[in-house]
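Consider the two complexes below, in which chain A is the common component and chain B and chain C are the respective partners.
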Partner chain A sequence: MHIAEGFLPPLHAVAWGVASAPFVVHGARALTREVKANPESTLLLGASGAFTFVLSALKIPSVTGSCSHPTGTGLGAILFRPPVMTVLGTITLLFQALLLAHGGLTTLGANAFSMAIAGPWAGYGVYRLLKQFDVPLMVTVFFGAFFADLVTYCVTSVQLALAFPDPSSGFPGALAKFGGIFAVTQIPLAVSEGLLTVLVMRLLMQSSKSDLVRLGVAKLTGGAARTEAAR
Partner chain B sequence: MLPIDVAAHGSRWRHRHPLEKALLGLGLTVTAVALPPWPGGPLVAAATLAVLLGPAGVAGRQLWRAFRIPLGFCVTGALPLLFAVGGPAGPVSLAPDGPRHAAELLLRTSAASLGVLLFAFTTPVSDVLPRLVRAGVPAPVVDVALVMYRIGFLLLDSVAQVRRAQAARLGHTGRAALWRSLAGLAATSFVRAFDRAARLQEGLAGRGYDGALRVLVPGATLSWRFLAASAALLGALVTVTLTLEGLYL
Partner chain C sequence: MSRNAKINALLLLLVAALAVLPVALGMGDGKEEPFAGADSQAESAITQIEPDYKPWFSPLYEPPSAEVESALFALQAALGAGVLAYYFGLRKGRRQGLAHNRGEQAGVARSRGEQP
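The block that comes next holds the complex of A and B.
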C-alpha cells in the first residue's frame, strides 16, 4: 500500500508533494491552534499519533491466507477528525520511512495524499453522512473504516496508473491493471479492517467511554448525562 | 526500539551533524531518482553501498534485513509493468518494453532506498526532530511528533507483551479467537496510550509545564570537509552517469 522509495518518477513525486502540502499545512495550523489553546493537548495528540503508528503495525488475517496491516486511518479520522489525522498520518508515514524502511521520503507526498488525506476524509465523510441518518454507531464505524481503507487503495492505484500508463491502453488500462491487482487483496482487507475497527470501538465503548465522549464520538447516557447536564 | 533506530544510536556517524548526513543520504536518493536509471541506478547504489559498509560502518547483515523489505515491495510493484492490458494482442499480453521498464524501476528504487537507509542507519530520529523547528516546522507539530516517537516505542513493547500473553492463553488458536485477540490488542493500545498521556501530563504539570517540550539537542558542528566531500561524490555520480549515457546510449 505504501509506494516505495524512488518508485515514482521525479515529476510525479513533486506533484503529489505539492498536492498534499495545502492539506498538511491546514492540519498543522489546526493542530497548532489546538495546542496553543490547550497546551495539554500536545500529549493527547502525541498519544493519538502513537496509537495510529502502533495500529498500522498490527497484522490482520487476510482472506487469501496471508497477513496485512490496517491503515488505521478510518478509526483515526473518526476519533481525531481528518485535519489532525492528516498531520498525525504524515508523521506516521515519516516514521515508517525512517524506522521501518516502509514507504519513502520522495514518495511521502503521494503516500500522504492517499493515506493521510484521501482515506481519512472519505472515511470521515461516510461516517458523518450515515450519522445524519441515525444509522447505529457500529454500522457507521464499519463503513467509515471500510471506505477509508478502500479509497486509500483506489487513490494509490490512480497514482501508480498515472506514473506507469499501460503501453497499449494508456491510463485506463493501467488503472484497471493496478486496481484489479489491489481489488483481489484490498477489498477483503477493507472488510477486515472495517470489522476490526467495529470490534475495537465496541471494546472502547466498554473501557474508555469517557475518552470517546471527550473526543465527541460517543454521547453520555442515563445517569452520567443527567449529572453532566446538572453541572 | 526498532532495529534501524538502535543501529543509528550506535552508529559511527552518530555525532555528526544531521544536516551533513541528510545532504549525503538524501542527496544520493534524489540523485538516484533524478538520473537515468541506467547507468545511474547501479552507480548510485554502488557508491551508497560503499559508504554504508565502509566509512559509515553499518553491518552488512543489518543492512540486508532492512533493505529486503523495500526490495520486496519494489519487485512486487515492478511485476505489473511486464504486462499490457487490451490492444491487438489480447486482453492481457506481455508488454513489449516491459522487462526493460521493470528493470529500470528496480534499479531506481533500489538505489533510492539505499540512500534513505544511509540516513536512517546513521541518524536517530530523536536527533532530527528537535532541529526541524529551525527548518520552519511549527514547534507544536514537532512536540507532537516527539511525544509520538517516545510513546510509540513504549506502546510497541506493550503490544508485544500483550500479544505474547494472548498467545499463552490460546488466544491465537482459531480465527475467531485471533480476531478477538486483535481487537483487544488495538483497544488496549488505545487505553494505554491515553493513560500514558494523562500520566505524562500530570508529571509535566508538576514541573511547571507551559506548553513547550524542551529537550536537550546533542551539540554538533557542521564539517565543511564532509559537506564538500558529499557534494563532490554527488557531482561525480551525475557527471559519470551523464557521460556514460552520452557515450553508450
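The block that comes next holds the complex of A and C.
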C-alpha cells in the first residue's frame, strides 16, 4: 500500500522526488544497455515487470486485520540488478497512480523510493550476502524477495513518520504507529511474496536455465557444465 | 504428479493458507472496518496526528465506485498474468520444438545407418 495522493506535505513530496530521480534515470540507462547488449533479455524483462504488476494488484488480508499488497520487486532485482527494477517498479507505480487512484503523482517520488529503490536494493543485498555463504539458491531467493517486500513498507513508515511526527512522542512515536500499520501487516505478505518468487524462480530454472546462467543467477550443472569444462 | 510439480503446488497452497488464515481466524473482528487497506488506515493515523492536515492534491482520475476500482485492479493483475503466461508458454513451446527437431535428426541419422 502506497502513500495516497496529496498525503505528503509539498516539501517532503519534492524532496523524495529529487532523491528518486537520479536512481530512475540511472535505471533507465541500465535497462536500455541490457536490452541492447542482450536482446534476448527483453522477454524475461517483460516477465519480471509482469510479476510486479500481478503482485502489486493483489490486496491480501493480513494478521493485523487489515489488507496490503506485496511488491514483486525481489525477482527483477535478483535477475537484472536493482537499477533495472527501479524502472519497472516506477512504471507500475505510475500505472496505479494514474488509473487506480492508488498511490499518487505527488507521492510518486516517495513511493518509488520505497518500492522501486530501497526494497530492490535491500532484497538484492540480502541475496548477494547469502550467496557468499553458499546458501542454496532458492533460500537466497526467498530471503531476497522477503526483504525487498518488507523493507519497502519499513521505508514507507519512516517517510510518513518524518512528515508527521507525533505531537507528544515525536518521530519515534509516529514511526511505531505507522510501522504498526504498514510493516507488521506486511510480514505474512512478505513470506507469501518470498514463496511466490521461489515458485517463479523454480519455473525459470526449468524453462530458461541458460538465461539464468547468463545473468549469473544459476550455475551450470550436470551435462552442461561437463561440456563447458571439456572446452 | 512429479516431485517438482508437488513442490510447486505446495508453495501455492502455503500462499493461499497465509491469505485465508487471517480471515478464517477472524483477525479483523472488532475493527470498525475489517480488512480495510493499510493505506486508508495510514490516512486516518495522519489525521489523528495532525487533525488540520488536508491533502493538497487529489488524483487526476478516480474510479467512480469500488466496483470499477476492483475491476481496474483485476485488469492490472490480468495483464501481468497474461504476459507471464505468454513467457512460460513460449519457452515451453521452444523447448518442445527443439526436442522434436533433435528427435527427427536422430531418426534421419539412424535411417542413414550413422551413429546419432
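By definition in this document, the second predicted complex is superposed on the first by the 189 of 231 C-alpha atoms of A that agree within 3 Å, B and C clash if a C-alpha of one lies under 4 Å from a C-alpha of the other, contacts with A are read in each partner's own complex, and residues count from 1 in each chain.
Keep in mind that, in the parts below, a residue touches a chain if its C-beta (ideal position, glycine included) is under 8 Å from a C-beta of that chain, and two chains touch if they have at least 3 such contacts.
On a predicted model such as this, the values are computed, not experimentally measured, just so you know.
Of the two partner chains placed by superposition, A:Ser20 touches none, neither chain B nor chain C. Within the superposed three-chain model, A:Phe182 lies in touch with chain C and out of touch with chain B [touch as defined at top]. Contacts of A:Asn111 after superposition on the shared chain: neither chain B nor chain C is touched.
Contacts of A:Thr71 after superposition on the shared chain: neither chain B nor chain C is touched. Of the two partner chains, neither chain B nor chain C is touched by A:Thr152.
Touch criterion not met for A:Thr86: it reaches neither chain B nor chain C.
Of the two partner chains placed by the overlay, only chain C lies in contact with A:Gln96; chain B stays clear of it.
Of the two partner chains, chain C is the only one that A:Val191 touches; chain B does not reach it. Once the two complexes are overlaid on the shared chain, A:Glu40 sits against chain B while remaining clear of chain C.
Of the residues of chain A, those at positions 2-7, 9-10, 43-44, 46-47, 49-51, 53-55, 57-58, 60-61, 95, 97-102, 104-106, 160, 164, 166-167, 174, 177-178, 181, 195-196, 199-200, 202-203, 207-208 touch chain B in one of the two structures and chain C in the other.
Contact residues of chain A toward chain C in the complex are 1-7, 9-10, 43-44, 46-47, 49-68, 95-102, 104-106, 160, 164-167, 174, 177-178, 181-182, 185, 188-189, 191-192, 195-196, 198-200, 202-203, 206-208. Residues 2, 4-5, 26, 29-30, 32-34, 66-67, 69-70, 73-74, 77, 80-81, 83-89, 93, 95-98, 101, 105, 108-113, 115-117, 119-120, 125, 128, 137-138, 140-141, 143-152, 155-156, 159, 175, 178-180, 182-187, 189-191, 193-194, 196-198, 200-201, 204-205, 209-211, 213 of chain B are the ones touching chain A in the complex.
By the touch criterion stated above, chain C contacts chain A in their complex at residues 4, 7-8, 11-12, 14-15, 18-20, 22-23, 27-29, 31, 34-43, 45-46, 49-50, 53, 55-63, 69, 72-74, 76-77, 79-84, 87-88, 90-92, 95. Chain contact summary for the complex, chain A toward chain B: residues 2-7, 9-10, 13, 28-29, 31-32, 35-36, 39-40, 42-51, 53-55, 57-58, 60-61, 87-88, 91-92, 94-95, 97-102, 104-106, 160, 164, 166-169, 173-174, 176-178, 181, 195-196, 199-200, 202-204, 207-208, 211.
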